[in-house]
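Since the structure comes first, as structure tokens, the remarks are kept for the end.
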Amino acid sequence: MAPPAIATAGAGRRFIGRWAVRGVTLAVPQGAFLLVYGPNGAGKTTLLRLMGSALAPNEGTVSLFGGEAAPARSRVALLTHADGHYDELSGRENLEQAKALGGLRGSVDEVLVRVGLHLRARDPVRQYSAGMRKRLAFARLLLKEPELALFDEPYAALDEEGHTVVDALFQELHARGTTVVVSTHQVARVSALCTHHAELCAGQLVAFGPGAPARSRQGVRAAGSLGEPSAEGP
Amino acid sequence: MMGVVTEPWPFVWSAYGATVVLIGGYLVSLWVRSRSTGGGDEQA
Amino acid sequence: MTLGMRVSGGVAVLLWVLGMAAGLTLAPPEEHMSDLVRIMFVHVPVAWAAMATFTVALVASVGWLATHRWGWDHLLDASLEVGVLLGVLLSVQGSVWGYPTWGTWWTWDPRLTSVAVMVLSFLGILALRAFVDEPEKRASWSAAASILAWGSVPFTYFCVKVMNSLHQKQTPWGAMHPDMLKALLLNTATITLLTVWMLMARYQLARTELRRELGT
Amino acid sequence: MKEVVRQCSLVVRKELLHLWRGKARLVATGAFAFANLVVFSFAGGLHGEAMRTNAAGFLWVGILLASTLALGESFRVEVQNQALEAMVLLPVHPAAIFYGKAIGNFVLLSLVGAVMVPCSIVLFDAVPVGGLGRLFLTIPFGAAAISAPGTMHAALSCRARSRDVLLPLLLFPLVVPGLVAAVQATQLCFLGDAMGEYGSWLTVLAAYCVVQWGLGGLLFSHIVEE
């Protein structure tokens, strides 16, 4: 039995005095498609960054593919709202730099076409719109051909056409056997594909299991407390 | 007699004085800070 | 502050004051050096204590980076603060010693400037700690900076050694008048004891502050 | 090890590309250094012989002040979109990132230093009696002494609050031993090296660089990890 792609045991991460995420224990088998949902400030971003070894847990453990998180970085790709591009360089140069530095397998031209940026590849990234920067971040992720791909709010800042690109991309990654974790508020778009769901609320894992989230519970919780959302971790 | 100034004692006193003032001041600050953070009676 | 700390603190301060009193009164003035030499009884021990404290900061930094146990960070916090205090005191004493000998409060004497540079290096790290909110980041970054800044300690010791041999008519330890040597050793012991106590007190303060910050 | 060198050379390539692409940054740093020299030249109220003896000190303080501009900028680019984190997750060895960026800053500071040499010769009318070649040899050593600790502290202060205050506050005391050696060596170039001390000052400077470049590589991983 292959080790789970992600296995967390009591994982917690604190920012100064506040626990953004605490006591999360779950296991995501390889090839699964996990949907993470919950209100703003529930700790979704922090959980994804823990899974992508961008953050080290203050409590508990996070292991990827059965081993330590950090050594598995070459097999994992994380897409967050900070896109990690160099504004002065062009889209193509950003990708070529990443490809050379990380020894990535993908082809720059192919991924540029896939995300629809091949016409603007030569322009410096500082001229890109938010949506185009997001597409370039997708291109970098595809370039890595990861075994585990983590997406934090993938649909944010994308236009309608962008949404369809992302949907197609999720289909393909899932079909290829890549373990995918998506944190989004657009649960409907992804629930058809997802094999597991996890619900976070105020840093606690309140639901985790196979299949799509039950329509009723997911809707009520998300719309329920419209109180001031506690500040999400960086 | 070495140096520029003949009467050494003012300088000896000011050196010792500076020592007492600085270290004493720091000790007081330690005392005040330990009381203010509620560490007053906490048995360490 | 616990009762134990208060009592030990009182003892340390008492011994320290007695030591200084001895330095001021008991030791006879050396024949060709005036009473000015009495400044040495506080200056040399403080110099040793300051450099030792910054070395404790180095050890604490390596300790934290290796084990990520909070005790090391508290020790680093304590040794930085106490070290800077002793360093500032050292500079003040140095310039007071300097005036009668050179006629100015400050001069480009490697001993004075190297001490000032050492103090400023670690003062910068105190500022760094004040400007970083995340406890883990604050600990790791100030530890790395302390390891870099520690280089100023041997540099200062080297300057003092070289300059003392060039200028100072300082009698080597042996030939010094036995009473003066006794006074110097007494003061070194009391200042070291007081420094250790200050480090322990500041350590406990750092631990309490971190508990409050983390709300545990 | 070979992997670190390969990644480091790629980071250097990116740094130089940034340097070339952002030529304005290079020119601004140079102009700022030159402005320092001009200010020193009349602020010092010196002339003739006194000016020449201080030329070396003014030159290096000018470069040091300008270096904070360049160092702060080199990490603003990394921190702005969290490109530094993206590199660490790629994964790239932290040591490769450090040496890449430090070499990039070294090149920038050496260029600025090289441009400042003729300027200081003119401004302080300090004809290098000890040999122009030696003067240009000292510049890269001094630039290396500033760029290693500078890169370390730029990485720290760029992510702390009030970073513009923190970088000079942390960097200047740290760089003093290296700077003293650089100034002494440069002074010998300007005023002539009667007793042949140039070699010994250069070795002091080289020793300082070895320590800073070594420690930087070791400690950088502790700075980038969250």
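In this document, chain identifiers A, B, C and D correspond to the written order of the chains, with residue numbering beginning at 1 in each.
Throughout what follows, contacts are C-beta pairs under 8 Å (C-beta built on N, C-alpha and C of every residue); 3 or more make two chains touch, one makes a residue touch a chain.
Quick caveat: nothing in here was measured; it's all calculated off a predicted structure.
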{"item": "Highest-count interface - the chain pair sharing the most C-beta contacts", "value": "B-C"}
{"item": "Chain centroid nearest the full-protein CA centroid", "value": "D"}
{"item": "Reference chain A; chain at largest CA-centroid distance", "value": "B"}
{"item": "Interchain centroid distance [CA atoms averaged], chain C/chain D, Å", "value": "31"}
{"item": "Euclidean distance of C-alpha centroids - chain A vs chain C, Å", "value": "50"}
{"item": "Rounded Å distance, chain A centre to chain B centre (Cα mean)", "value": "56"}
{"item": "Chain centre separation (chain B, chain C; CA means) in Å", "value": "13"}
{"item": "Chain D: positions in contact with at least two other chains", "value": "225"}
{"item": "Touch relationships between chains, expressed as pairs", "value": "A-C, A-D, B-C, C-D"}
{"item": "List of chain C residues in touch with chain B within their complex", "value": "1-2, 5, 9, 13, 16, 20, 23-24, 32-36, 38-39, 42-43, 46, 82, 85, 88-89, 92-93, 96-97, 99-103, 169, 194, 198, 201-202, 204-205, 208-209, 212"}
{"item": "Complex contacts: residues of chain D adjacent to chain A", "value": "7, 10-11, 14, 17-18, 21-22, 77, 80-83, 85-87, 89-92, 225-226"}
{"item": "Chain C partner contacts - residues on chain B that touch it in the complex", "value": "1-5, 8-9, 11-12, 14-16, 18-20, 22-23, 26-27, 30-31, 33-35, 37-40, 42-44"}
{"item": "Chain A to chain D touching residues, read off their complex", "value": "49, 52-56, 70, 73-74, 76, 78, 80, 82-89, 93, 97-98, 100-102, 140, 144"}
{"item": "Chain C to chain A touching residues, read off their complex", "value": "133-136, 213-215"}
